[in-house]
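Next up: the structures, one after another.
Next come two complexes, and both contain chain A; in the first it sits with chain B, in the second with chain C.
The block that comes next holds the complex of A and B.
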């Protein structure tokens, strides 16, 4: 066993007012795994480089993902982290917990793992950091006994995640928690057994504030939207005016289409010009709320730069009803058409965003059976190189 | 337990089990919310109010930290708590009188409360040297030193608008930093070092060749074994090849470091979502406290705080004043690296006479 743990560089990270992960990790340094993790990290801080191997394949029987193999590149020096695998545990919708449920997971993790976690990973899972191959099956059994299951990894449906939605937000235009729960359960096979060209992330935000960053971070962004008029409580508007709040400067002038006016203490919105940007609703939460005809817009293809460059998602369906009574059938139907077309024509390691760029929006829409609409673009083409598919032949005159 | 049936594909438990009774009653029936003070919200529903206390978390946390949180939740919020999409911890309180004692106990344990509205919320970040082979820098350490410096902006709401920070330790961007107000991005600056002795066994040649977005990789033969070579002039150090081929490591202690990006935004409020743009092409890795990075980020935050108008995000502010003035005000040097030379580079060239002089 290695000697006493000395971490002069990491100790510098115990200073300062922000909570220190080093202090926290050190509270567990009596565990060989945590001790050697700190030792290896100290060495990284000294040498300015990481010491992890581009690991190997490990997993749970019957699952193709959810566990990620991780090995130290210098196990002779740090045997405690020679195996340091990650277990991704599917979070509940909205990341809600009770103390009791979280403590149960922590009991399992204290017994079978390092005791370190990320709460949560960027995709949404609880990320349990650091265990060995032989502990995987016991962890899996104990987690499932408490009703928890693994999340996704590899070329599969990644763990869907959502904003807090109707559980605590008056802006929510559909039930993000219910849809996330539904999709996660309906597509367990796609989530646990990688069969896609590449990863497929779904994020659900209840309104265009997009608190889950779905437009940038998911292959499929399901974003709540309304179609009719913003609801206005005029007495609350009067209270804002009386309180001295500058509605003119902070709301009216900030509206992107200047479709709001204030007449005395009465606010008027020309809803035919409203872009559903939500600014006014954010600033005047007591007076304004989204309309009553609610649903979602679906955009596809958001991603970070790897491989071909970063993309925001492209709007594909401007409005879809999110119908819980109907078992969310319309969403399933669209999702399955997308997967089918991507599966047939996409390439290995090609995210849906890059796929759409390659085959073009026109072909993609045809492939998934969605009509072209002016809402899907910022402007019609400005180049004249049009591939005409219909033209007259002499004899059809 | 060994005798129980093996359960698979059960999915996560239903969230219903974890909702505070007041939340259950008012689910979908919230009328409005109000900010009571930094880090404390009230949501008013039809039949009651729920109070939220938002606490910071380093995200890389131990079961000790989590048990501290669950202990406080049991004591003050009827055992209900949640995490936000930026990894803050939120306590959901039915009883208003518990707010102060909860905040006091959090603070006694070194956990600040804040991150709401016109403040800096928790930093979305990645694994870094703690846990990833791809990392050009550490993530948790950078977050710690930057937030030590910007602490006041977490616990107070004194910025023109919300400010979202993110850290990613390589271009894979597991933290998706490409749409944040200010992003810290670790990067490599040298091509992969090829280990020809292991490559033929570890890597599939066609996949490795195909992985490169710039077609810089070609098959070649060394001592009768098929391996690959890299056209170093074409390489942009993205690490795609390393993702598929472990024999092409990127780590280079001398040249790895950090870049700073600004002006991204996710929300649709007022203006459309925007990508972050390059502010500083390179700062050295200088652990444990990265002084060059903390100074650079603090400078941008302070110049923004001083010059932006209310409800202007960093990107909106820069779009109003123009990029020349951004570089002027921040004193950041404009270099040839700020000119894009990848796909769609032309879309960033000025094609008008619209400039402020």
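The block that comes next holds the complex of A and C.
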């Protein structure tokens, strides 16, 4: 790093045993863009204010997303970050890369950008940090020539993202990778041409462990689930018991509905009471696995606290078939009904979760043509204000 | 019936709507869609309006902008842009 750059405040962030982004930045400070980034950041810390300006128009011809514009508010002091735009690149499903693929990306980014990356952003994209307006089109040309594409940003379908699914996880109740790939390709217009009220994130998790945190971080969480009974290998249970593993303490007492019992070396589960929290499956992976009748539950409305407060997703569809042979038609059909109703009645910058809160769950369910079900009720005695048609018919009789 | 109005005509109408509100209000894709549906009713479909917006953007007559939410605007140099 250059001797002339003094960063006493940033230096504090290098202390401690944890990884430091300052340490990483300094290792690349021979590049003018990175050096000025450190300089401007040090000044921000010292002055207790940010020095970035928003760039709302920068982008790729024809695309409305994928580039987040930033300019330095003090380019005369830090010319290297006069432009410091971010490029989001659509990641492969499950974040599987070959080293060749990563080298492709980095060769392009070293030539046209700062060389800094964030792997990965909270939506899932590869985030390439820091380039200039004139480099955007060349970056896009080179990325697409190697079959990469930009991800989403703005009021569009954000880059769909998923867990590693059946590629490496025995709990996956559907092929998260295939569904993510399918949705990404089917809805290219929605991804690149902002047409919604606000952003719409879809995350796919293969089981209720929800490794993509879809329930908290996506507008549409597609969570793998099963309908029938948890599969039990009693011989493996016996092995756990013989090895001295305390099933009583670590599994039975931690079951939220206390639906598990151990009789000798035989485990029994009252599946009618099971909440499918998957704790028991996680703790006894050799003996327990999800049932055979698998699909997904769909919950809507998770979001971080931007504009309005944070929301946790609401269960809308307790079980849906995820049928790859059928081209995932059931998922497409539901998704398009949701978009149609939200587009027609939603307000500017209103996320789907806020929309459901405003119009009520009852109206929303009617609008998208989904029957009200007990599973949609968050907690006992929670009044969803749902009245069945039969209720009115009885009243008028 | 949908499809009766040429896509080029819809794009021209949308361009006029964007031009009329330039500097006053940032319009979203939905605003343009509603404007042409109000004019042509069921002579056009939502797919027609999507195609028209695509034409409008791909021709370079309008660009996408972002400030909080996404909008469709006339191309211009924004005030925050550095040289």
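In this section, the second predicted complex is superposed on the first by the 371 of 397 C-alpha atoms of A that agree within 3 Å, B and C clash if a C-alpha of one lies under 4 Å from a C-alpha of the other, contacts with A are read in each partner's own complex, and residues count from 1 in each chain.
Going forward, a contact is a pair of C-beta atoms (placed from the backbone, for glycine too) under 8 Å apart; a residue touches a chain by one contact, two chains touch by 3 or more.
Everything numeric in this text was worked out from a predicted model, so none of it was measured.
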Partner chain in contact with A:153 - chain B first, chain C second, else both or neither: second
First, second, both or neither for A:53, with chain B first and chain C second: both
Residue contacts with chain A in the superposition, chain B compared against chain C: B
Contacts of A:72 with chain B and chain C, given as first, second, both or neither: second
First (chain B), second (chain C), both or neither touched by A:172: first
Contacts of A:194 with chain B and chain C, given as first, second, both or neither: second
Chain B versus chain C as contact partner of A:349, first or second or both or neither: both
First (chain B), second (chain C), both or neither touched by A:63: both
First, second, both or neither for A:106, with chain B first and chain C second: first
Which of chain B and chain C A:271 touches, first, second, both or neither: neither
Footprint overlap on chain A, where chain B in one structure and chain C in the other make contact: 53-55, 62-63, 189, 348-349
Touch list for chain A against partner chain B, complex: 9-10, 12-13, 15-25, 27-28, 34, 37, 41, 44-45, 47-55, 62-63, 70, 73, 84, 86, 90-103, 106, 109-110, 115-122, 129, 141-142, 144-145, 147-149, 161, 163-164, 166-170, 172, 175, 177, 181, 184-185, 188-189, 192, 208-213, 215-217, 249-250, 254-256, 275-279, 282-283, 285-286, 289, 304-310, 312, 348-349
Residue numbers on chain B that touch chain A, as the complex places them: 1-2, 4, 6-15, 17-19, 23, 27-28, 30-34, 43, 50, 52, 56-67, 69-71, 73-74, 79-85, 87, 89, 92, 110-112, 124, 126-135, 138, 140-141, 143-145, 147-148, 151, 154, 168, 171-179, 207, 210-211, 213, 238, 240, 242-244, 246, 249, 251-253, 256, 266-271, 273, 275, 285, 287-289, 310-311, 342-344
Of chain C, residues touching chain A in the complex: 28-30, 50, 53-54, 57-58, 60, 63-70, 73, 75-78, 80-83
Partner chain C, residues of chain A touching it in the complex: 53-59, 61-65, 69, 71-72, 75, 82-83, 133, 153-156, 189, 193-195, 197-198, 343, 348-349
